[in-house]
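Common to both upcoming complexes is chain A, partnered first by chain B, then by chain C.
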Partner chain A sequence: MSAVSELKLDGVTKRFGGIIAVSDVSIALPVGAVNGLIGPNGAGKSTLINLVSGFWRPDAGRITFGDRDLTRLEPSAIARLGISRTFQQAAPLTGLSVIENVMVGLHTRYRAGLGSVLLRSPTMRREARRNAEAARALLEQFGLTADADSEASDLPFGKLRFLEFARAAAMEPRVLLLDEPAAGLNRVETDRLAVLIRNLRNQGITVLLVDHDVPFVFGLCDRVVVMNFGSVIAAGKPDDVYGDPAVREAYLGGKEQEAAA
Partner chain B sequence: MTLILAIGVATGCVYALVAVGYSLIYRTTGVVNFAQGSYVMAGGFSTYWFYEIAGLRYPIAVLCGVGVATLLGLMLWTVVVLPLWRRRSPSYVVLLETIVFGAIVGTSALLLLGPLPQTLPPWVPGLAMEFGGNRIDGQYIVVIIATVLLMFAFSAILRFTSLGRSMRACAASRDVAQLLGISPERIGALAFAATAALGGLGGAMITPAQFTSADIGLSYGVFGFVAAVLGGFGSLPGALVGGLILGVVNAFVGRYISSSYQTVLAFGLLLVLLTLRPQGLVGKDWEEA
Partner chain C sequence: MTGRRVEMAALVLVSVAVVAAPLFGSRLIVYYFTITALYASVVIALNLLLGLAGQVSFAQTTFMAIGGYGTALMTVRLGLDPWLSILLAMLLAALAAFVIGRPLLRLRGHYLSMATFALALGTYSFVTAAMALTNGGIGISGIPPLEIADISFAEPRMFYILSWIFCALVLAGYILLAESHIGRAWRALATGQDIAATLGIDVPGFKLMAFVLAAVVASVSGSLYVEFTSFVGPDLYDINIILSLFFMLFIGGRGSTIGPIIGAGIVVIVPQLMSGLERYQNLIFFIILLLLLLIRPAGLFGRMRESVPLAALLPGWLRVSREGRSA
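Right, the complex of A and B next:
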């Protein structure tokens, strides 16, 4: 399954009015690697994630996953193919408890037909039980066991983030798109996040990580893609990209000055 | 007294079933569906047709009647609402289209089955209850018991099944639901079909106790909407409470004042309540469902 699960963007372009948010981007994400995507504000990083997850449609180009063309698919269909994402703003499902939030993510795996749901068939009961067990295991893994039955929207910010990861992981994705996962997390939480992301990679999941935190991205990622003004300006191993003059010019230089100030 | 109370509670139950429809559709799809009352008419009237004219056995006729209402709900979703929804049409356009759809259903019933009110035999022949010297028609009791059971079943499905969780996920955020692999379009179809079936069953149940005619869809639609807002739009217990209050008030106004004041009073009640409690009688959280 490994070779086919490669996510590829080929000449992808997205315009909003007269602004070109993403311009002719072609990248391929190696399977089972953590790919960082960095760039200054407005470089098109989040747009790219919205395009891959199907929330927006590209104006030109193709996005493929193995031999499947994702370009015209609905977000829910893309999610079911194994491409999962988190949002920049943590988005808990309000009105559902923490464990229910995760169980919704699991539903794709354990789905009994409508008939057996209404009849409460043995199959459905067994699935419901397995579903609850799997959800508990995920909560454990993401440090949320004590909050299982709390209302999701009552969680503090850091835990909300981890709930998002747990929910995304519940879908057993083959590709995980993380939109600024470390934003707003403290140092301890960021370190835990890095461990969790490495674990996911070790399970063979391809990760695409958008973040502003440059040390975090370079410390964690196997590969880094740099965007500026909607185009890819560099891609490769972190060390090579870090030394690339165009990158320093466009992005890292500015960041270092900011950090020094 | 008790008789009027029973009538009020039973019609209130039907309002509640319609109100649940409004709430569920609104929460899962964001649409206010004013065709909700036409399912009551369609359920009752087509049961009448299947039983009296087509000559089917009574239980089969009821099933077919509910089936017709359900198909109407699915049709409204796939043919009318979904195309607008996909285009992200403004909500007032969608709302208008649902009113038009309801009117078309009413007019079609008028053309197909005529203007005369029709009724049906009671579900349980000979059932009646004595309350302080008053004889209460057994059909009212059937309506009340069936509604309570339906409400329990409905909230249990929402609360405890993965299907219910998907619906609640959709209600909380369609974007997040989508990226969890839930298709809001499919959930919408399911919600439209399920609430149409509820309304249709309400119509088939209330017809033996009262009557049905081509034009009752409008009043059930309006009173069901008022009940939903009274109880708190989006809340299941709210729908039940709102429906019961409205049904009882209506029955007493109709008996002791005049049936022409029913609408006035229903809206008066709504105005007063919304001033005092804009969120409705029961909180709007589905967790309370």
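Right, the complex of A and C next:
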């Protein structure tokens, strides 16, 4: 990778009516690291992902990726710059088979236009073959080979999650935003997920991981950002953040009290 | 896979029927098969738009009217070559679809259907009312026939061949697109616009591509139709036709390959078989439609997944339940 691009948020604010969902957030995600983003419900974590991926526009502040300003871009344009995301609810493309889902993830690798598709040009056919192979390789990597031709919506929940990762990975993203990827997964699946995420990081992909599962986040992440009421209250190495009194007060403490109650 | 085999079998049967009709059939059969081919082409294009890309547009008759009136006006009033008129009308339809589609397709939900429905009704009103341009309800007749060298398409059997070649080309285009990454992008945005966008698909752009393609096919079909009958009038684009295109698609099966042709054939030909029934003709036809759609909501060649057992149509107390009575 020649140009190292860093995803940066600078004074980003988002209001919904009178509620400030994200308030003056400035963070930079180091390249090729797994960044955890945690916080209580309503802290603004998912809002942040929706802002970065272009579903919502910030009311103030700027989001940049390298020298590109993402603030006003459409979601599809942001995706084409190499920023991919998953959704909180595993979101298969229903009516498409498992392998087709992954092939849609490869969409940005297709160059053939309307004309070459209608004329079945040799380049178009070569490209289609190459991408079908790439899709099969991804299915293999994510343990979905046996399900290639099943209807995506027929998959059990755990596999659906992995299908979503396979689809996101198919884009060869430079930044991957994962919105509660471990939600609903069992222990074994969560461990497998952690391995996959580490593999992605080792390929130089920057990961932003939003999750509630505190041990999962702290065990996996190189860096953790903690949000509460729309603001960043701590950021740094997992150990430092874990010991931060403000964090214990706002989030971890709250959890413990909840658990005790 | 079995669904695919059934479609292939149907395709073979249709091909045989299409080849046999002009050889053994009457003039009337050739006539209705030609009409079927022309509507089937429009419905295949609608299938691309609705069955693949999930966009409910009623505007197909508007683009048919651009083709029909475009060809009529350019040939009769301006004396242009019919082939050239088809080409120019097609370009006009593409431009109109682009201009209309761009703002409409950015919206979600039912805006597109509502707006295009208004457009389709408006088209009918316009061609009825714009006497000076269109002759209103009288229409424009005496449209000169298509010719290539010595071949005149005024001869019904020649036009029959032309119409089915056109239909086959449209079907081939549909299949090629459906199986490509473009078709997958359409199906992806039809089921989840947000997901499609996060995968880098330019959602408004792909919708627009489908809309313009559907318009181009509708326009050429509209031109061919008036070339076939040498007449254009508002009735070709009235509410019956607007809705019939949807009946054709839904009977045949959205997202299926052969469905639109079968659907068009049923809607065009079945009422002719009941011509002895006179005033009950429409009633019986609509009962058949209703039953078909109730038994197979996905259409004859749609996905089985959505089909309903015939028994479900009966009221509960009439049903013989294998599992016995349950609360």
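One rule holds for everything that comes next: the second predicted complex is superposed on the first by the 252 of 261 C-alpha atoms of A that agree within 3 Å, B and C clash if a C-alpha of one lies under 4 Å from a C-alpha of the other, contacts with A are read in each partner's own complex, and residues count from 1 in each chain.
Everything below uses one rule, namely that contacts are C-beta pairs under 8 Å (C-beta built on N, C-alpha and C of every residue); 3 or more make two chains touch, one makes a residue touch a chain.
Keep in mind that this is a model prediction, so the values were computed, not measured.
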Sharing chain A, do chain B and chain C clash or fit in the superposition? clash
Which holds for A:F55: it touches chain B only (first), chain C only (second), both, or neither? both
Chain B versus chain C as contact partner of A:T94, first or second or both or neither: both
Kindly classify A:V188 by the partners it touches after superposition: chain B alone (first), chain C alone (second), both, or neither? neither
Could you say whether A:R85 touches chain B, chain C, both of them, or neither, answering first, second, both or neither? both
Identify the residues of chain A that lie in both the chain B contact region and the chain C contact region. 53-55, 74-76, 79-80, 84-85, 87, 91, 93-96, 100, 103-105, 107-108, 110, 112, 114, 117-118, 124, 128, 131, 167, 171
Parts of chain A lying in touch with chain B, wherever the complex brings them together: 53-55, 74-77, 79-80, 84-85, 87, 91, 93-96, 100, 103-105, 107-108, 110-112, 114, 117-118, 124, 127-128, 131, 151, 167, 171
Which of the residues in chain A come into contact with chain C in the complex? 53-55, 74-76, 79-80, 84-85, 87, 91, 93-96, 100, 103-108, 110, 112, 114, 117-118, 120, 124, 128, 131, 167-168, 171
For the complex, give me every residue of chain B touching chain A. 157, 161-163, 165-166, 168-169, 171-173, 175-185, 190, 285-287
Touching chain A in the complex, chain C uses residues 173, 176-177, 180-182, 184-185, 187-188, 190-192, 194-203, 209, 213
